[in-house]
Amino acid sequence: MEGRAVIARATKTVVPRRPRARRSLYLQYLVEPFAYLSPAIVLIGTVILIPLIIGISYSFQSIELLRPFDSGWVGFENYAALWSDRKFWIALENTFFWTFWSVSLQFLLGLGLALLLNTQFFGKRLFQALVFLPWAVPTFLSALTWAWLFNPVIGPLPHWLADLGILSEPYNILGDPELAIWGPIMANIWFGVPFFAITLLAALQSIPGELYEAAEIDGASAWQTFSKITLPFLAPMIAITVMLRTIWIANFADLIFVMTGGGPANSTQILSTYIFTTAFRKLDFGYASTIAVALLLILLIYSLIVLWLRKKLIKI
Amino acid sequence: MPAALRRSPAATVAKYAALLCYLVFALFPLYWLIKIAVTPDALVFTEGTQVIPSAVTLDNFRTVLLQTDFLSYFGNSLYVSLGTAAVTTLVAAAAGYAFSRFDFAGKKLLIAVMLITQMFPLLMIIAPIYKIISQVGMLNSLTSLIVVYTAFNIPFATFLMQSFFDGIPKDLEEAAMMDGSTRFQALYKVVFPLTLPGLGATLGFVFTAAWSELLFALMLISKNDAMTFPVGLLTFVSKFSVDWGQMMAAGVLALVPSCLFFIFIQRYLVQGLTSGAVKG
Amino acid sequence: MARIQLNDVKKSYGDVNVLRDINLDIQDGEFIVLVGPSGCGKSTLLRMIAGLEPISGGDFMIDGERMNDVRPRDRDIAMVFQSYALYPHMDVARNMGFSMEIRGDAAEERKSKVAAAAETLGLSKLTNRLPKALSGGQRQRVAMGRAIIRDPRAFLFDEPLSNLDAALRVEMRLEIARLHQKLGATMIYVTHDQVEALTLADRIVVLEGGDIQQVGSPLELYERPANKFVAQFIGSPTMNVVPVEGGAGGITLAGSKLTLPHLGDTSAAVELGIRPEHIDVVAPDQGMLKAVADVVEHLGSDTNIYARVEGIGPMMVRVHGNIPARSGDLLGLNIQPLNAHIFAADGTALRRADAIAA
């Protein structure tokens, strides 16, 4: 076909190129994006959405593998049981504590790290690669490592804490109901700071340099530059990152599960570990799903509030 | 950064002190991991709290590699993680491309659905997934793990890929199409080479995530020869009456691929998030 | 080579109609320039012709063949983008030869054609460079080279010179004119720049609000604008438009009567349009209008006077050559009746029936 077109041109006669007949371009424009999206849609639909709906339906059923003859639809019975379950309320409180301290400390340290990484210094590339490494460590391995670090027999932390006067004597805080939750929180901070640092660094790097130059010319101090330019620019990213991270951490059971298993005396039991024990220790899937639905609702409400606040407060 | 030029010496010292603190905080636990792995068994408890062991040995590594199923776990994990990373990246690249280049009915809804998948406790769907997979007879199959991991990683990978595509001007593809390419040729010859860093970052990110996943692997795999590395590692606890040294040695070995991958991708990760995701 | 026809071509995004019933017949080898204010749909029209944007309605034909549903690659049209859209990962030679690479032409042939095009555009020394190592003007040339090499039926340009500095623009403008002469290909060119439009075009298409306002040669648009929009859009400095009273025998402007026999019946006139260069400056008591010079600009070749005219308000006057007027001077102004335009209430220009035919 090309050859013919070239000849046609050379002889200056008009031989119309035969455009291949095809369906309307318009239709193609409508269909094309879905062609690219279909694998993603199919996978998410079958592996996540359908099981999710089944999972929600479990919360209205009694599915206890230990009592197979009692199964069937029970309406809101599970939810009523949840309301009067003392362990649920303890776990809820622990979830708040765990999530709040994990997120805020991860965020503050992550912001600090991102600000440092946004400056120039010797060996920055290597430093950045090393300091982000904890994120690549499989979570259960992080959990084990930190469990040892807190163990007075094979870890140095209790001794150091005692030397600093924070602990009266070097004992394992993971066995102390008052302090145990700080163990997993510590591990979580270690593991999660890189995530915040990476996203915030990305946001920092997209602030136009001219803004800083303008502020400099206007005579702004370092703190003024930070509070008047950097923070407002970061705010949208901060809101989204903190929201996603809060949700993720509230659901994040691995560290606690490996380090303390929810104990001692439920002092580190959060909702997601409670779901896990209910489902896989007690094999009560109906009730486990009920707790999960409750957690999902709480997180949904939380995200809606964050998104609403973000829209209200942030003008960029 | 002009501000950096007029830093006082005190500020510089404070900055390097802060950098050092971060570095120690990030690396000390990893150091401890390695330390336990190379400490001779006899000294693990007697020198438990000593920062530098008085003797080092590679015995643990030798044992792990030669006398346990570690290599099989490792191979399974490598297969699952590479498979997941490859499939996810492919699927997410296509989806991210659609999000970046097209306006279509239902786009907002799809994005919302993808966000919601990030929101609920995965535990909630483990039981249904277990049921479905056992019904299709895919328990103990590494393929089922790849499918499940792929689905869970698609949303984030899609957003990541979208932000990379957003950074590539649409003009370029259009120019290629004017130059006679099909859309596929334009993608392959023009967009693909430009988005290599993005593909690399996504690959690495998904690989790391799949490499460390424990929950689904625990639920869906029970046969020893199909176990992935995290599950296999847990069996060390019972099988060898918790041989810490060996377990740590296995852990250190398992860290190698994900850390290598991560060191390679982390720069692109920052770059990818910079170009597009910030608008959100 | 190509004759391009648009019959009632439409474009809408959802409920928004961006282009309405566009009718245009572009002859083979013609140089068409699209002008119009920002957002009027010039790029959209060009992209529809290119096939990058689906056509919502009407027929788009090349050489008598309906092309609405033909993909860009099969239309055999080249486009030069405002951003140049050079492939950043390919060197200049590969950028230029990309279409041949896609077509699967032999490497030898590709090489010689690229070399020839590079020679024509003065890029011979740069063929191994990546786009990021080129200046703006050089990138522009590469973008043109990429189009030329295709030997396409038609060329499309979307504001190709807007990223260049003034001197380079002039140079590239001449280059494009030369190219058109040499290739004799149909070209459609979008620009914001009056000078580019007036110097390059065989015909100019003025778009506004999704409609074609007028199509005509540069002179036609300048001398006989179809309506007030075109009158004010074409020509620099902008035409003065002032309110008048219409009348059968002539119009009344600030109390003075002006007969415009060449325009026939002027009773529907509500506004008079007169270009700054069509106003004569005379002694204060001899003019039809009395004015005070507010600001006077001496450009050497011309003198621009921003005047306040008694009973009318500000008007701009351009006099050829240098006249010794100064700010604050009293002036008399005379409107050249043969160059006056009058507009009805709806903005259309009034013309004598035979004048339109002419």
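The chains carry the letters A, B and C, assigned in the order they are written, with residues numbered from 1 in each.
Following the convention adopted for this analysis, a contact is a pair of C-beta atoms (placed from the backbone, for glycine too) under 8 Å apart; a residue touches a chain by one contact, two chains touch by 3 or more.
These numbers come from a predicted model, not from an experiment.
*Asks:* Which two chains are joined by the greatest number of C-beta pairs in contact?
*Replies:* A-B
*Asks:* Based on the averaged CA atom positions, which chain is farthest from chain A?
*Replies:* C
*Asks:* Can you check how far apart chain A and chain C are, centre to centre, with Cα atoms defining each centre and the answer in Å?
*Replies:* 54
*Asks:* Distance-wise, how many Å sit between the C-alpha centres of chain A and chain B, to the nearest whole number?
*Replies:* Centre separation, chain A to chain B: 14 Å.
*Asks:* Show the residues in chain A shared as contacts by 2 or more other chains, in ascending order.
*Replies:* Residues 29 of chain A touch two or more partner chains.
*Asks:* Where in chain C do residues touch at least two different other chains?
*Replies:* Chain C, residues with two or more chain partners: 51, 71, 103.
*Asks:* Please name which positions on chain B make contact with chain A in the complex.
*Replies:* 1-4, 15-16, 18-19, 22-23, 25-27, 29-30, 32-33, 36, 44-45, 48-49, 51, 90-92, 94-95, 97-98, 101-102, 104, 110, 113-114, 117-129, 131-132, 147-148, 150-152, 154-155, 158, 183, 208, 211-212, 214-215, 230, 233-234, 244, 247, 251, 254-255, 258-259, 261-263, 266-267, 269-275, 277-278, 280
*Asks:* Chain B touches which residues of chain C in the complex?
*Replies:* Listed in rising order, the residues are 50-52, 71-73, 77-79, 81, 83, 85, 87-89, 98-99, 102-103, 146, 150.
*Asks:* Okay, in this complex, where on chain B does chain C touch?
*Replies:* Interface residues on the chain B side: 169, 171-172, 174-182, 185, 189-190, 193-194.
*Asks:* Which residues of chain A touch chain B in their complex?
*Replies:* Residues 29-30, 32-34, 36-37, 39-41, 43-44, 46-52, 54-56, 58, 63, 109, 112-113, 116, 118-121, 125, 127-142, 144-146, 148-149, 151-156, 159, 190, 193-194, 198-199, 201-203, 205-206, 212-213, 216, 222, 225, 236-237, 240, 244, 247-248, 251, 253-254, 271-272, 275-276, 279, 285, 288-289, 292-293, 295-296, 299-300, 303.
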